[in-house]
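Presented sequentially are two complexes of subunit A, the first with subunit B as partner and the second with subunit C.
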Partner chain A sequence: MISSKFVAAFALGSIALLSVGAGVSRAQSHVDTPDPSLGTPSVNTEESHIGNLTGHALEGKHLYRRYCIGCHGPAGDGNGMNAQWIDPKPRDFTEATFKCRSTPTGTLPTDQDLYNAITRGFVTTNMPSWRPLTEQQRADLVAFVKTWSPRWAKEKPGDVLVIPAETPVTIESILHGRELFQKLECWKCHGPAGHGDGPSAGTLTDSKDNPIRPYNFSTGTRFMCGETNQDLYRIFMTGLDGSPMPSFHDTLQGNDPWDLVHFLRTLQVSLPSKENDLWRSYVASHGKDIKPIGPDAANGGQ
Partner chain B sequence: MFSSRPGRLEYMKKSRLTGLVVFALVVLAMLFADSKPAYALPTGKVMAIPAFARKYGLPCSACHTAWPELNNFGQVFRDNGYQLMNDRDSPIWQNPSYFPITFRITPNWHRETANHQVIDAPDGCFGTSISNPCLSVAGKVTQSGFDLSGMDLWSAGTLYKNISFVLLPSSDPTAVWHFEAAWVRFDNLKNTPWLNVRFGRFELDNLISEKRFLFLSNNGGIYQIYHFNVPGSSNNFGYGDNQIGVELAGHSVNSYTRYSIAVLSSNEGGVNFTTDVVPGAPPSNRSYDVNLAFSQAFDAKSLGFERIGAFAYIGQRPTYYETADGGTVPLVGLGNKSFYRVGVAGDLYIHNLEFLPLFMYGHDNAYLGTSTSSQGALPAGAQAPSFAGGFLESHYYLNPQNVILGRFEKINVGQQSLSSNPGNYGNVTAYSLGYRWYPIMFSRAGVALDGEYSRTKSIGIVPESGDGTGAPPLFPTDGVWSSSIFFGIDFDF
Partner chain C sequence: MRLKYLAALALTALVGSSVVLFAKAPAGGGSITGKVTYTGTPPKMKPIDMSKEPSCAKQHATPVMTQNVTTGPGNSLQWVVVYISAGEEGSTATSQPVRYDQKGCEYLPHVLPMEVGQQLMIYNDDQTSHNIHPLAKVNSEWNKSQPPGSPAIDTKWEKAEFIPVKCNIHPWMHGYFVVLKTPHYSVTGDDGSFDLKGLPAGKYTVTAWQEQYGTQSQDVTIAGNESKAINFVFKAMPY
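Presenting the complex of A and B:
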């Protein structure tokens, strides 16, 4: 049997350790870092609703501390300890400006939008997919993210974009999409071949004046806000708030958005797709008739 | 011997009372320490995993419940070949000055005690003579003082998109080094997470990892069942030991479903055709073992994340050697005889309370069990030994920086290797209690203060753990109590 004096020694050691720990923790908390609940009075009441799930901000606060605080920071402003090493910079939740939404530009996203973003991650950034978390945990995180800005108490999310059924993929659709890519000057940022090297690419900054690069279609198989044709449709129709990518909702009419989607798919040269098959076949037979994209085409010349 | 002392009953009562009071004090201290919980802690510095945090900028608590134990996000990261599956995975995204190295060591104070040890009497045999000979008696051996743990120099990451690696030179406290792990893994073959091939020396795909668990003391720092063999057996297999071979593994996108099939040399992870990773080990045989593991996780809604799994290891070990120089130099292990281990395990959460249950059954061939050459006859009463046992470990996460630990282990020998052995010969019972506090979890370093008490009772054999210097008791019916008290500063940079 163990001697009681050693059990007592162990206990006293534990008490000493824990007491020191408590003291140091408190000291550090006051000196170094704001409490995550500061400035977020709604943390006790804020909820999210994703399908049948109800997320609770109070639970989300625990999870935020475990998973998110390193990048998004203890104040939710994107100034976490690791933010200095990260490019693009982490989202500033206090502004409540989000790139991936199903709602019009300038409006708040839906809870489902935030849930999808957390689940999917952002392939072109350090933000990973948090699919390994349970659905409830992700819903709780959504609720907590909404506590960082007073906008969530004052405004409602915008109306969700209705995406019509996809039109057939035809060479005419792709060619019209190509005309739109030229006309709307997408190439100025994304480049004539979609390599993200257009003449304006080097000058772009986000809403916080951080340099930002346009998407390079040629290397990607996924987009920042999804990977399906519907996702691509939604991206340029709602725009990526906080970035130079505008919304084309008021510009594109009728089948224009789907035509543009079909053309953009041909820029993803490494991705097998019906669009690519059609386009390659067309280029093989009509290559000489195809005008280049870029300033020359804008001037009417080849 | 304690049981022979007068007043034993009163002493035990007093001891139990003292223990209860002290335990209550510890619990109170823990509660006091966290009376202003989670969010009063240095939350902006909850970061760790130096090697990977430097690459991805994630807090260590993203991948670990409490480092080094993985949570499901960490499991997915590991299953994906240390990749987050975004375009930051390839080494091309790393700063040229970045080098994926982490080292870990634990300066500590500890006290080790084992009773019923065979010791000389009187102490050191001082003053003995022919008329007053030095005797072997049962006694208690106690040692305490400041110490060092071994050191891990861990390097891991990606060589290229979907090609990952680990190189882990590890030393004992005297700086004798070996390669604890060294492997290359080809991930996501055919663009599916279900096909990954690993080649080298690695930990078996244990649902409950002994390499990434939270106990550090001599007694508590191993899972007894992972290293147990029935007394008298020549089998050196330990389920918790890294093995060498090739593994086909796969998982669903979120790693809820996982499988592993490994073909391994029958040499306990030994190198240079021997049965160990240090010089002078006996030569290995030429056969192969197989390990199978499967687990399935469930989303238990508000309770959290639950995983259950099963495993089976089927192996062989030699019973004699081909030799040279008149039998003095063993060359190759021969006369293979089989053994197997099967079991089930779980990783279950009730909010912040985690349970890690494991049950294992082991069976050895009688030749292995009695350490008999298969060229000869078995001794009288020889039989194929078997054992069953397991553990229940629990963690309570006060927050990502404070965790209370507890574990109970039990192993019973079902069938002795010799029918004449006492029925409980080799049985093991173990208890561990601990607390880890992570005051610093930066993206460049992590520090954990670790306090543990662990106690093991083994019948007739030296404990699997202890301080490594223990000896079997005088009599096979004696129970050896071995205990560890441990305070350490576990740091990782």
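Presenting the complex of A and C:
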């Protein structure tokens, strides 16, 4: 039944369908549910809204063909000509799963989230910053990207995470954040010292089964989804959908997230920060009392 | 919010059973029973090395085996979901929740069928953090951390789909949520048997799904309170 559906889909004759073959093996696992339409997106009605800007998919389509198609592909599924040379792989827009969101895990991002991603680019990947495009052009691209999945027509973006004012950076906050890093087992992937070398790090794959590395804090590079403390807060609270990084929203309460942010900053040993200064002076005076992070601490019955 | 969780916990405790084979009271007297077997050579299941997670490893006297093709005596196939895929009148989703446990770094049960919209409660019974990551395609994928002692995750699925579930922290953990549009389903036990009860008279399509070998279907007509026997045979490949 499914194969006949695909035959029908091919008959539509759009080049946008070139990649459907790759999806067939997965499609057999669906229970009589219509597959996401991979046909030519209906670009007439799609808009994006970022602040005062209104983006138009029809405009975005031309920009996409010029700037994005090489990696993200003619079908928007991340299978562009360059994709085979790229790691991590370009985003597959047909799944509408996005890493950098201000919305809960499993929900669509806001237009602003997509706009920020295009604007910022993804450091350590092949996705550059698109600041050279005008703000209007970036808004148009957001509108067009949203035409690749039917989810955008059926669902609304999730509720934007409310980030409370940052708590003061204190040694108590850092120490509590360190306890959370141990207890929540962040170190299983990110490593006891945040080097991205935890016991599970080598086994990680993204949702398309491509190997993926956890962030190595010691490099001090910008994060995937920004560089401020707010960005860091948002990353672990909403999770990076499509990757192994889960959401900790249901787990962290009160000031916990800020405490974790303050501790994580101390793992970025190469970056000057207030957190690092405080932590270093604490280590100098209390070094002997600090229990190492990792399996030994867990077995020590914290 | 806490209260809600407590209420949900209490409700689940009342319901008790961990595998709900029949989510709904019988609506008719007919039934379809049978057995799922294989021909050919299935892959050998491998022992799982949990030494990286001592708190889980010590819960298992003998190593846990992988479960993607679980066989039993007489070439029987376990963890096959057999369900009514066509021929039913519309039904309302069962109000009773289904329960999914992470225990000893395993998913219990390995394959959990449920109805569209049915409440799904996910528990972490371990002394280690898990991240529960359903790799949904038709529904939306999500990924949540669940440290020891966390409240249950209270969720549901909107659309029918076979959803692989994994834990990225413990990469050997694999399971499936099987989200169906029917209350009539059964998961085969180690003897490969299934039992679809409470079917009104009618013509049905019965589908069997195995995680590695996909689906196959048969048409069955039931008259009155008849009990029909059908069997499914999957062709097993060693890889």
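Heads up, the rule we're going with is that the second predicted complex is superposed on the first by the 259 of 302 C-alpha atoms of A that agree within 3 Å, B and C clash if a C-alpha of one lies under 4 Å from a C-alpha of the other, contacts with A are read in each partner's own complex, and residues count from 1 in each chain.
We adopt the following convention: a contact is a pair of C-beta atoms (placed from the backbone, for glycine too) under 8 Å apart; a residue touches a chain by one contact, two chains touch by 3 or more.
Keep in mind it's a predicted model, so treat the numbers as computed, not measured.
Of the two partner chains placed by the overlay, only subunit B lies in contact with A:H62; subunit C stays clear of it. Within the superposed three-chain model, A:R151 lies in touch with subunit C and out of touch with subunit B [touch as defined at top]. A count of residues in subunit A touched by subunit B and by subunit C gives the higher number to B.
Once the two complexes are laid over each other on the shared chain, residue contacts for A:I290 go to neither subunit B nor subunit C.
Once chain A of one complex is fitted onto chain A of the other, the partner contacts of A:S129 are limited to subunit B, with no touch recorded for subunit C. By the document's definition of touching, of the two partners only subunit B reaches A:G121; subunit C does not. When the two complexes are overlaid on their common chain A, residue A:G239 makes contact with subunit C while staying clear of subunit B. Of the two partner chains placed by the overlay, only subunit B lies in contact with A:W85; subunit C stays clear of it. Within the superposed three-chain model, A:T105 lies in touch with subunit C and out of touch with subunit B [touch as defined at top]. Of the residues of subunit A, those at positions 26, 28-29, 32-33, 35-36 touch subunit B in one of the two structures and subunit C in the other.
Within the complex, the subunit B residues that touch subunit A are 2, 12, 14-15, 18-19, 22-23, 25-26, 29-30, 32-36, 38-47, 53, 56-59, 61-62, 72-73, 75-77, 84-88, 111, 113, 253-255, 299-302, 304-305, 399-402, 435, 437, 439, 442-443, 449, 451, 453, 455, 481, 483, 485, 487. Residue ranges of subunit A in contact with subunit C, taken from their complex: 26, 28-33, 35-36, 95-97, 104-108, 151, 155, 183-185, 188-189, 199-200, 203-204, 207, 239, 241-251, 295, 298-299.
On the side of subunit A, the complex with subunit B involves touching residues 1-4, 6-11, 13-15, 17-19, 21-22, 24-26, 28-29, 32-37, 61-62, 65-67, 69-71, 73-74, 80-83, 85-86, 121-136, 220. Those residues of subunit C lying in contact with subunit A across their complex are 52, 54-55, 85-86, 128-129, 131-133, 135, 137-138, 140-147, 150-151, 153, 159-162, 168-171, 179-181, 214-215.
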